[in-house]
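The chains carry the letters A, B, C and D, assigned in the order they are written, with residues numbered from 1 in each.
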């Protein structure tokens, strides 16, 4: 292995730049040449590939987003394009690639692998929806962004004795809602993994109000319902004034937290090690606080386990 | 004047606590007794009034919201209740009151004044919609909160080349949208004071895209339209993918900025001075970087002047 | 077990309030009465103990510091005082106590245990210097505070091409310096666990300068040397202009991060479970991403393992 | 005027990039060509000058530091070099220059003006030490950074009942200490403009302690004394445990606040207008909330007025 490439793909996540930086510097440390593919698989098909050196990743570690940019690429599902992409890489002498992204990106990586390019996946997505890794790059930052919104809402909630509904990201995975909700002391947390009972939510609100609770915050993962819907339901059932916040894409931004930068650095370094060892079709991850790797196909197909114990704890603590 | 009271009323704003603290400490410094009215005019009617001392305002300067809480109070529009409120104050020997809030709160203050309680208004509202003061307490913090959202959106916008619509507060006054939009480098800023032309907004987006601009951010004051409406219009007219963020009440929260705390301290101290001088029916404000006072009726009736020059500058700088 | 107490002791750490809240609410959920001991072992000796209810811990989860306060207490090393303390607790019917703090606090807990009070330790200290737990409460927040300082320094460092020395906390444990240094892309990281060679540090600076590096940041744990000393040495050896920052106690403050609040909640809940089970002389911790418990004596005597692999990675990535 | 240049010089300040961006975009809007001089006067002498376009200032508005970099340049005090610099500019057809910096930078600008290059100064320095402008670019951000440190210190101070000394920037001007101290509720504020009496500082600490105050924070501008000195004095006189924080250059960094970005945009736009009008040897500023301009020599020689009223208010409020 003498030349490798790195790309970011799918939704961006804070810490992706720390991962790109680690790939580049670790590669150079081991004497590899490293190339950056811009705009994910779309850029790969368009040969938007540039050599990277130490300076390419100077002063990027603290930046949100991804300096390599990202894009969707439906065309990459076609076999012809996969063959073409592998050829583009091979023509440059690039034997391996590190793909930073979510499960869609890993599918792309696997397709490259099946065309003879050694491919390693690094889990980068704020949703934390990848199995076989306890954390994905970007999750910690996103949760802290959601938590900051809860902190701010709390200030005004306490002053006014109102009910707030905060919609956070998470289509299939409620981890952002769960972590931010537990950390923020939310009254109820609605996640896609557990069916919710609006009546129970309202019951908790009513009990809290009777006890003199000054405010209530309901976290809703976007995969469950829109915040506005939930707010409307609560208002109709309880008569309580509700206010809705839709955090949206600000959860993808912001300077990455220390946790995400350290995780990104460790995972990316491991990915380089795997390529050097000649491995392919693997995803790196963190399991039980250790950097590990698994077959990338596992990471695509397996369902992510939901932390029911943490969910129950959040309920106990918000009595 | 030996005893005075202080209350916060209407929507809360970051810096209200700094104002309450300054009222209490300045009053005690001058040998006055000072009382806190809880929950605004509602609390006043319910005699929810407590003596305050130096410790009552220890460690509140950095907190968002208001330790005196706030509430709406439709009943205070009734003459009987105004008479009752004045009596409640008079029975405790309270001769003057400082009301921190917006124009609705000033109306209440004026009603107390007409019942013989000397009343001074302090402009505290994030909207910056009070005439005769260049800034209201809370505005600077709210703009910085909106700006932080723009910063974060920018990260992901750059990575993905998308259009974002961010809805900020401002029913009749576009100052939050204008300041955050100029400071954040937004492509278009929609404010209630200037009619907007969706076609022009789209035209700017198209031009930017042609020039290779990586992202576009549109700020919308809530008084103009909902962010979702604007997003939908843009999508239909340009075909660009748009994402919507509704910041909502997080703009009311957060630890107050230095600007808001300094402003709050100065305005509140001035309000105490005015009561000591025996004045009433005044609003304190900051004009041309000086602490001033005006007849409170002016602050209620006059329209707030919009900074058209700044609006035009924002347009020039977002070419 | 019907009545338990909770205290914070030693240096405060962000997240201690989240732990206190979780102790209180989990206890109440299980029908226990819970008391708060103010000012650590000093307050215990002075019978500064108050019953806590759901409202005692309302709106504390987001606050830095500890609402139960903390204090040093040399007197508690005396046997007589330990007997007295146990009697004070027993007289109130308190059978178990949860002590949130560092190794000194655990020694105190163990002394209470030897007097017949069931005692459980919860690791709360920013230094991350407790063995048998991968993370202590407060560490993540402290690292992010240090990282924020690095981010800000980086801005000005890039503009001016200077060398900065940032002194962070860590008397015997270099974890804050290591994590913030890796996450912040520091050129060199000096920790108490690894002897440092000022000549090597200077050599890296010189090489960086030759390569056109715009700035250099050196992280120094306080246990190694003062930032000013290191700055002086570098200046003398390289002639480079150096600037020194001493973060000091701001690392102990700030609203706790999501990680710290979630960790605090889980550890504290586990501590309550242990008391209910009738256990004593245990410390709860997180190992391999699982909440565990160990004999508290282990946590006191064993040395904390240093993550040499992470240290080496930081070196590789800062080439 | 067809071609102009812009440079940043002296210590960097948050918001300088917003000013550079505004110069570039406003110039292009008016049909001017605009050049960026890198590394201040040093770069000017080395002909480190590049044409700028809209993209040169894309995504810089939110960044701390200065993309044009800065440097010291003793050589520019020599007449020969001033002649040389003017020639370099003239050879490129550059007739006017906008210099963003402090009083040293304005001296350089004035020297260029005396060589026939029209020069306008824009006050950019965190110290707020420029007369004839109420605010300099960067001051608001720096104060908020110092305030954030106070907020964090407060958390731990409250938990432990200690005295903290925080050294902030300000060699000749105490404005950062004053604003952060008032906003942060500091017990004492030591500024270069007012002689301090350590005995009075200690007296306030003792009184606070008697009253049960939980913590004390002393702000010290670096121009008064080092934080460590003041801490030592307090410890010796009162016996109170003191802790020292030296914020140093982190005050120069961070994403600029809204206030600084808006101010920077307005001042820079005005500077372009002045060049278009054919003016020279002016400094733009904000006086009484209006954008104004004064003879640049005034800004260099006049002393900055200290806000004694605000200083006295801070004392009253920290009783």
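Following the convention adopted for this analysis, contacts are C-beta pairs under 8 Å (C-beta built on N, C-alpha and C of every residue); 3 or more make two chains touch, one makes a residue touch a chain.
Everything numeric in this text was worked out from a predicted model, so none of it was measured.
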| item | value |
| --- | --- |
| Set of chains whose contacts include both chain D and chain B | none |
| Of all other chains, the one whose Cα centre sits farthest from chain A | D |
| Chain centre separation (chain C, chain D; CA means) in Å | 35 |
| Distance from the mean Cα position of chain D to that of chain A, given in whole angstrom | 39 |
| Centroid spacing, where centroids are CA-atom means, of chain A and chain C in whole angstrom | 28 |
| Multi-partner residues of chain A (each touching 2 or more other chains) | 151, 154, 158 |
| Pairs of chains in contact (touch as defined earlier), listed by label | A-B, A-C, B-D, C-D |
| Chain C-touching residues of chain A, taken from the complex the two chains share | 18, 21-22, 25-26, 28-29, 54-55, 58-59, 61-62, 134, 140, 143-144, 147, 151, 154, 158, 179-180, 182-185, 211-214, 255, 257-259, 261-262, 265-266, 269, 287-290, 310, 313, 316-319 |
| Interfacial residue positions of chain D with respect to chain C in the complex | 8, 11-12, 14, 63-66, 69-71, 145, 149, 151-161, 164, 243-254 |
